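One chain, chain A, appears in both complexes that follow, with chain B as partner in the first and chain C in the second.
What follows is the complex of A and B.
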């Protein structure tokens, strides 16, 4: 199981843990993560503007490198996954964007969205399989009540992301079960945490973050897991003190369960 | 010697705006065999037809080509025209220069060029046309109605009223359909049962109507005027002729916890049951999946208490074969499943219900005897939120792209009835648009808002969160541009409606066409709205598209009028464009018989003269039953020895057309 791997900037700075535990777990599961050479920032939110071309280029370069390496492109950060998957969809379906980007980059072989973009969680579900993963758990997280937080970036828009049922996802809950812990279902698990407005409208971000964490807390969760560095920051920093719960990257718990933490 | 006339129609500006009609006529005139060519503003008008008739007489034409709209539109019209001038009606060809040319091109030069080629093609074909004569077939004076809801019942009653026999085949144990589950009907608020059940009884008592309940049409063969259907009458394990509908069995049955379909699973029914008090036929049915006797062989209580001796545990399905002249499709609809709409928490809270479930919760014969109570705890709801367009007008794959048409009105009805009966209950309605065209419809909706104080909020709901026995509804108010949060006791979802799941198989069985949403397609959306493109198949009710009760009944009667028109004929002219086997070429391989979808081909042993001392031999050759053949041409393509040919569309003619295009 070999994948081209796109970590993204945050995983090299603020979210080193997300990356480190992912690599250790992958090794334990027999997944070969080959980091792309000379990858650049995915472009964050900017490439999503319809008339933006320049900001889509770095995502397209990553997608092309994976194609040339002959692998699917694995992502981990929710935001990078969202951006790369959507840019890839633009390249596959929007002839205008495809033409302009190819004219700009002038690659030897034109790119038209042929690389498959898979998130680390999708690799666990679709390539490893949760049943197989459960067999490799050496340190089951028995008794732990874990709330999965999806946020919006992994799920929506559902027709493009095709990650899981956007209104009733189950992939992280299935992972929690495979790790031997108990998933906690709560209403706000797929609501936006407000991370994007934290600079311009802090009170809204605080209200959103608190409503997510308190919803998980009311449902009896011990902690919340996420795949998104921005959600991680926001759910912790902007949550009302009285409602706080530990926010953990899912890869950290995975590494713990697999005994490679 | 051919003497062909070519007539180019402008169709007002429909054709003339993108095709230089004069140039087309000019080019046609130069084709060999063409002795006359002209253009005219509306060839289908009386003046246009007179022009054609006159030209046929003046020029002694032997064949006619009309360059106009699709043959589906006016082929029949022009056949009559040429016939009136003394030509055989099949000496006519239509070149479609409208749908397949002027409407799809923008450039006059391109359009004209293509129109000339199409005209040339039709001229090449008509040169090889031979006069054909339509045969005759008899009409079985009986109609089959598939589906016994209000649409099927109304069609059946009207056909019977005209004196023809009708069979209604209904898959449920009772006729009545969805309307039996509805409490009150808009815009007059009369109770659905009060207006429907008399019609159900009328249907049952009408001598001309035979009801096959708990039955399904399994196979239909034949053609307009002469269909043969196989109906499977499912075993109900109760003798229909003996059961009096007293209900003694249902009260004694020990297997009581089975979901009651009539109340949409909101309460339970016994294994032996009568769907509801006014069921027609009022005969019990045993649910074999739930019956203890059927499952374990022990019990038999119902048999003991039945004084009529009607219980027959060993009853088998029965296949009935009947012949019909016409078929009415009235297969109806269902609300969509809401499993893909988890944001509204339908699967998470029993207090989130569909509008049809609400009908049962407000109906005197429903699980709560008509008192509106929360399914979760039986308490009185003080705040109710209605969400419209759940799955309707949906731009992704979860729902339907169309408007379900009935939801705005029934939601206004529900809101009004709740405010009337429980003035202490607040009612909020989230909507995209309120669509209430129809007689007295908008007045009805205004009444809900102005007189009953229903709070209409323009915007959609993003999420419903069950929390502490309440439903937290988060939505947006687009007019005040604010987020709205409502703590509701109940949420009612106006689920989109879709054709019944059987629509697809019924369509396949009847070779009738359906659209991408599985609604039956009409022969013409404006001018033939109750006929299917398949001759002898007619459409009644929601199977053709979303509609309310008044519209359904109107369409059902229109459909009946078309059926009566057909059954009133003693003979039908059949299509002479049918297949013919050239016996001298046929090798008897049976390939054509296997591909024929109508069962029109049989094989016969025939004696042929051959050279040599034997002088003759017996060979097995294909025979086409012209009354059954629909002229689809499948056999002509399949035949490996080229023995099969289609009259009016012979291989020679088609090759001549191809040559003309490629010239």
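What follows is the complex of A and C.
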């Protein structure tokens, strides 16, 4: 199983753990992650406007590199996944954007959304399979009650992301079960953590983060797992002290369960 | 200087949204996690752009408090996609010279040890050109 891999800027800096544990776990599961040779920051937020072209180019370059390597493009950070997947959808479905991007980049072979974009979690579900993954668990996380935090970017809009049921997802809960732990369902698992607004209006982010974590805590969770560095930050730094729970990257628990932490 | 009607047409074209599809059910605002921090709410953006009331929206704080969480897009029963309208209004403003909302000089004092690069990149993309 070989994939082109797009880590993104934060996984090389503040979120090195998310990346490191993903690589170790992948090795244990027989997944070959080949980091793209020259990738550029995806921009972290999807440019929604129809006339935004330059802000989509870095994603298209990554998508083209994966196509040229002959692999599906694997992502790990929720934001990178969101941006690259939606830009890819634009390249496949919006003729105006496709024409302008190709006119700008002038690639030898025009790009029109051929690359398949898969998140690391989707690789675990659709390529490895949670049953197979469970067989490779050497250190089951027995007794741990884990709340999966999806946030926004992996799920919405469901018509484009096609990651899971956008209102009632199960992929992370299935992973938690495969690792031998108990998933905890709670109301706010797919509601926003506050995102980038922490820089503009911290009280909003504090309110959002506290509402998510307190919802998980009230449901009896020991900890929360996430795939997003900004969710990790908000749920930790912006949560009210009285409601705090440990916030962990899902890859760290996966590495622990697979005995490669 | 553009008239409000001309700006509204640009905003509609830029967003790709058809505000006339809205049936004013209010589900977008009901599900918005930033609702209480907004002066104008998602459903109002849709109807005000349709009516050409752009100057009020350009001065609203809502264009900075929208979290781009896409809850309104996912949950709109008519696929109106209000977040795209809010983004198009914000772009109407920040594309003007001198109208950046987040300036690079302001960044150092906003940083802390744990703040991920993703937050800074996102904020610049949303608040500045």
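As a convention for this text, the second predicted complex is superposed on the first by the 259 of 261 C-alpha atoms of A that agree within 3 Å, B and C clash if a C-alpha of one lies under 4 Å from a C-alpha of the other, contacts with A are read in each partner's own complex, and residues count from 1 in each chain.
By definition in this document, contacts are C-beta pairs under 8 Å (C-beta built on N, C-alpha and C of every residue); 3 or more make two chains touch, one makes a residue touch a chain.
Predicted model only: the values in this text are computed from it and were never measured.
*Asks:* A:204 contacts which: chain B (first), chain C (second), both, neither?
*Replies:* second
*Asks:* If we overlay the two complexes on their shared chain A, which of chain B and chain C does A:10 touch? Say first, second, both or neither.
*Replies:* After superposing on A, A:10 lies in contact with chain C but is clear of chain B.
*Asks:* Looking at A:108, would you say it contacts chain B, chain C, both, or neither? Reply first, second, both or neither.
*Replies:* neither
*Asks:* Once the structures are superposed on A, label A:241 by its partner contacts, choosing first (chain B), second (chain C), both or neither.
*Replies:* In the superposed model, A:241 contacts neither chain B nor chain C.
*Asks:* Touching A:187, do we find chain B (first), chain C (second), both, or neither?
*Replies:* first
*Asks:* One more residue to check, A:38. First (chain B), second (chain C), both or neither?
*Replies:* It touches nothing on chain B or chain C.
*Asks:* Compare chain B and chain C by how many residues of chain A each one touches, and report the one with more.
*Replies:* Chain A has more residues touched by C than by the other partner.
*Asks:* Output check: A:131 vs chain B and chain C. Expected answer is one of first, second, both, neither. What do you get?
*Replies:* In the superposed model, A:131 contacts neither chain B nor chain C.
*Asks:* Go through the superposed model and pick first if A:158 touches only chain B, second if only chain C, both, or neither.
*Replies:* Once the two structures are laid over each other on A, A:158 reaches both partners.
*Asks:* Let me check the overlay on chain A: which residues of chain A are in contact with chain B and also with chain C?
*Replies:* 158, 167, 191
*Asks:* Flag every residue of chain A that touches chain C in the complex, lowest number first.
*Replies:* 8-10, 13-15, 41, 43-52, 55, 77, 79, 152, 155-158, 166-167, 191-192, 194-201, 204, 208, 228-230, 232-233, 236-237
*Asks:* Which bits of chain C are touching chain A when the two form their complex?
*Replies:* 13-16, 33-34, 37, 64-65, 67-71, 73-74, 83-84, 87-88, 91, 101-102, 110, 112, 114-123, 125-127
*Asks:* Okay, in this complex, where on chain B does chain A touch?
*Replies:* Residues in contact with chain A: 340-343, 345, 347, 396-397, 463, 465-467, 472.
*Asks:* With touch defined as at the start, can you tell me which chain A residues reach chain B in the complex?
*Replies:* Per the stated touch rule, the residues are 158-159, 165, 167-168, 187-188, 191, 215, 218.
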